[in-house]
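Think of it as A, B, C, D, E, F, G, H, I, J, K and L in the order they're written, each chain with its own count starting at 1.
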Amino acid sequence: MSESVYKIIEMVGASTKSWEDATQNAINSAGLSLRDLRIAEVEKLDLKIEDGKGTLYRARVKLSFKVLSD
Amino acid sequence: MSESVYKIIEMVGASTKSWEDATQNAINSAGLSLRDLRIAEVEKLDLKIEDGKGTLYRARVKLSFKVLSD
Amino acid sequence: MSESVYKIIEMVGASTKSWEDATQNAINSAGLSLRDLRIAEVEKLDLKIEDGKGTLYRARVKLSFKVLSD
Amino acid sequence: MSESVYKIIEMVGASTKSWEDATQNAINSAGLSLRDLRIAEVEKLDLKIEDGKGTLYRARVKLSFKVLSD
Amino acid sequence: MSESVYKIIEMVGASTKSWEDATQNAINSAGLSLRDLRIAEVEKLDLKIEDGKGTLYRARVKLSFKVLSD
Amino acid sequence: MSESVYKIIEMVGASTKSWEDATQNAINSAGLSLRDLRIAEVEKLDLKIEDGKGTLYRARVKLSFKVLSD
Amino acid sequence: MSESVYKIIEMVGASTKSWEDATQNAINSAGLSLRDLRIAEVEKLDLKIEDGKGTLYRARVKLSFKVLSD
Amino acid sequence: MSESVYKIIEMVGASTKSWEDATQNAINSAGLSLRDLRIAEVEKLDLKIEDGKGTLYRARVKLSFKVLSD
Amino acid sequence: MSESVYKIIEMVGASTKSWEDATQNAINSAGLSLRDLRIAEVEKLDLKIEDGKGTLYRARVKLSFKVLSD
Amino acid sequence: MSESVYKIIEMVGASTKSWEDATQNAINSAGLSLRDLRIAEVEKLDLKIEDGKGTLYRARVKLSFKVLSD
Amino acid sequence: MSESVYKIIEMVGASTKSWEDATQNAINSAGLSLRDLRIAEVEKLDLKIEDGKGTLYRARVKLSFKVLSD
Amino acid sequence: MSESVYKIIEMVGASTKSWEDATQNAINSAGLSLRDLRIAEVEKLDLKIEDGKGTLYRARVKLSFKVLSD
């Protein structure tokens, strides 16, 4: 049956390199305990600044994963 | 005491029939493990298309349920 | 003269059957005292849950109706 | 190569029966000249009123379809 | 390593006194099982009315807490 | 029959003390002529400033009340 | 006492000349029965088209007026 | 049959005179190849500045036109 | 080097004539001390009402100007 | 002449007591160097949490003040 | 004459490398048949996940291009 | 005392390489005259196109910095 149900959770990942990497970090952390992850939707991007320099890219994302399959 | 606390989760339900049915499916899946569900607020509706025909109605909803009662 | 003026009111209709029916109920109630209703715009849809089942579809709509014609 | 490109168009479908049917009508009309339709996202729902009765369900949707595959 | 990951949950707290107190109640309930809470962002405020008087202040908030540290 | 219809009106209440009090004032004024008030949803908060000091808290709220019961 | 309460209504005015004129028309129609109008906030502007030409400017506005003074 | 389907396109018109004129220019350009234009909804207004003076009014609009009639 | 940096400020201009004129007034005031103004984006339009008549058009705009060139 | 121009700045105030107090603190800080402050519009409210307790109320506000009078 | 008209289309580009690359892919595909492209505005970013890993960066963008010049 | 006040300014940074780099450029320019920068929140991303190629990544960001410390 194709009428699956998905659940969506919201996370913030961080990286010193890029927002792409920050999003991957959010997925990796969530992935430890969740299976069937499908997509990460970007909700908000920001950059933490220390001593006048941008040091930490952060991505707030919504992750959806299957909770009912067949 | 009436100062209850509620928690809100986000889910996507699907149905081949209607968005009403898709929302009911999201509730049914969540209901297995959650008690005191109160309301499902529609966040987004879409329709999956296969071979040029709309085949699966999907409803992204926010479900609220009581976590503290008395 | 075609420069009519419209007024817009906001209502919530409900139905045990569907959001279409909930919207019709909002119109029917408003229609008792208002003439020249033209359109119902959906602002928000939700579903009330009782005993783990979705029982009441609700539609919050904006109804526009003519207040100045010629 | 899986790096496809999609195009998104916006349409309004209508039906005397339901918003589900209105959305299907938008897809059917678009489908005549477009291939690879994938999804219809609901942007706005409304209901046209005549003589105090809701007569025409309308759904404004965004349709996405593949323009580059391999 | 400072590249922590945060999770965000959504809750509704209530109070007969103020929205500040309602937000504190949401935090207190969540705090029982969650550690490393950092911030509560207000999403929506409302006031329940009984017998023509506002009786219960409610705050819908997003709570973020650390899920990955070092 | 539980398929009630609600109407929603928008008001701005003010207070020299707090936004909670400003919201109560909006309810009290509306309450004189309306029965079955249920909820006040906050749309916008601001603070009027005179001589460099914040002097009047204002809350723009949406008030819903029953227009059809049984 | 300066803690006045305001009410807000939503109207659509139209004009063949400009959106400024359309807004004035909405105020004039409302003004017949309402006193203490203070401000018209623009919510949406559009232009009706007939025979390929824009013929009627329309402005959807929120009008606020005092309901409680001293 | 009244269940027509509409398509919506987005354009930016410009004028040295006014935003009304900018919107008319968007319609005129679109009108060359499109029939059955019905409405132009304003999405965004801005004003280009040269040498410290506002010189070009621009209106981003959504134009809807019939693609299926009977 | 073409990698310029722009700054954006928010202002409210007013005029008894039109929203176009209100926007020009915001630019003129800002222009006294700022060089390299490029664009004024409209954020909000309203109309102040006195004695039941709309008397002052106001435009809240975001003005961008170059702070780093080459 | 009543066609004044206003400027709007964005600030975050904080307080251990309430969001009202946090907003007053933002005004007080801005007031040191700005005259003719008129209004503080609330953009966002949050609450900083330390050791599982909400400790610092923060209000992000937009402050408008006159830059051109006569 | 500088009163050009622009058209805006919406596309989704994808890339295994970055959102910058995904946006470039959307432009390249559109560029085959469109001249005078001017800007790509990001509407939404997401990341497709397969086997617990983010595999495909996607960017939904609005592309504007000149349809009337002189 | 920890009840600091922050100010927020809006800037647009640009880069031929990436949106991360564009954001860093906005910070670097602002940093020349501002101390205590804390965070850059992304408001909007776009990409300027020349000769059919994306050439300049731009990031509109809100920068917050401390104006009151202890």
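Methods note: a contact is a pair of C-beta atoms (placed from the backbone, for glycine too) under 8 Å apart; a residue touches a chain by one contact, two chains touch by 3 or more.
Here the structure is a predicted model, which means the values were calculated and not measured.
Novice: Count the C-beta contact pairs for C-D and for I-J, then tell me which is higher.
Specialist: C-D
Novice: For F-G, which listed pair, C-G, E-J or A-K, repeats its interface with over half of the contact pairs the same?
Specialist: C-G
Novice: So what's the Cα centroid distance for subunit D and subunit J, whole Å?
Specialist: 44
Novice: Determine the centre-to-centre distance between subunit B and subunit L, using the mean Cα coordinates as centres, and give it in whole Å.
Specialist: 38
Novice: Where the CA atoms of subunit J average out and where those of subunit L average out, how many Å apart are those spots?
Specialist: That gives a centre separation of 22 Å.
Novice: At least two other chains touched by the same residue of subunit F: list those residues.
Specialist: Residues 9-10, 18-19.
Novice: Throw together a list of every chain pair that touches.
Specialist: A-B, A-E, A-K, A-L, B-C, B-D, B-E, C-D, C-F, C-G, D-H, D-K, E-F, E-J, F-G, F-J, G-H, G-I, H-I, H-K, I-J, I-L, J-L, K-L
Novice: Give the list of subunit B residues in touch with subunit C in this complex.
Specialist: On the subunit B side, the touching residues are 18-20, 23-24, 27-28, 31, 35, 37-42, 61, 63.
Novice: Give the list of subunit I residues in touch with subunit J in this complex.
Specialist: Where subunit I meets subunit J, its residues are 9-16, 25-26, 29, 56, 60.
Novice: Given the complex with subunit F, which residues does subunit E contribute to the contact?
Specialist: Per the stated touch rule, the residues are 18-19, 44-49, 52-54, 57.
Novice: Of all residues in subunit C, which touch subunit G in the complex?
Specialist: Interface residues on the subunit C side: 2-10, 62, 64, 67-68.
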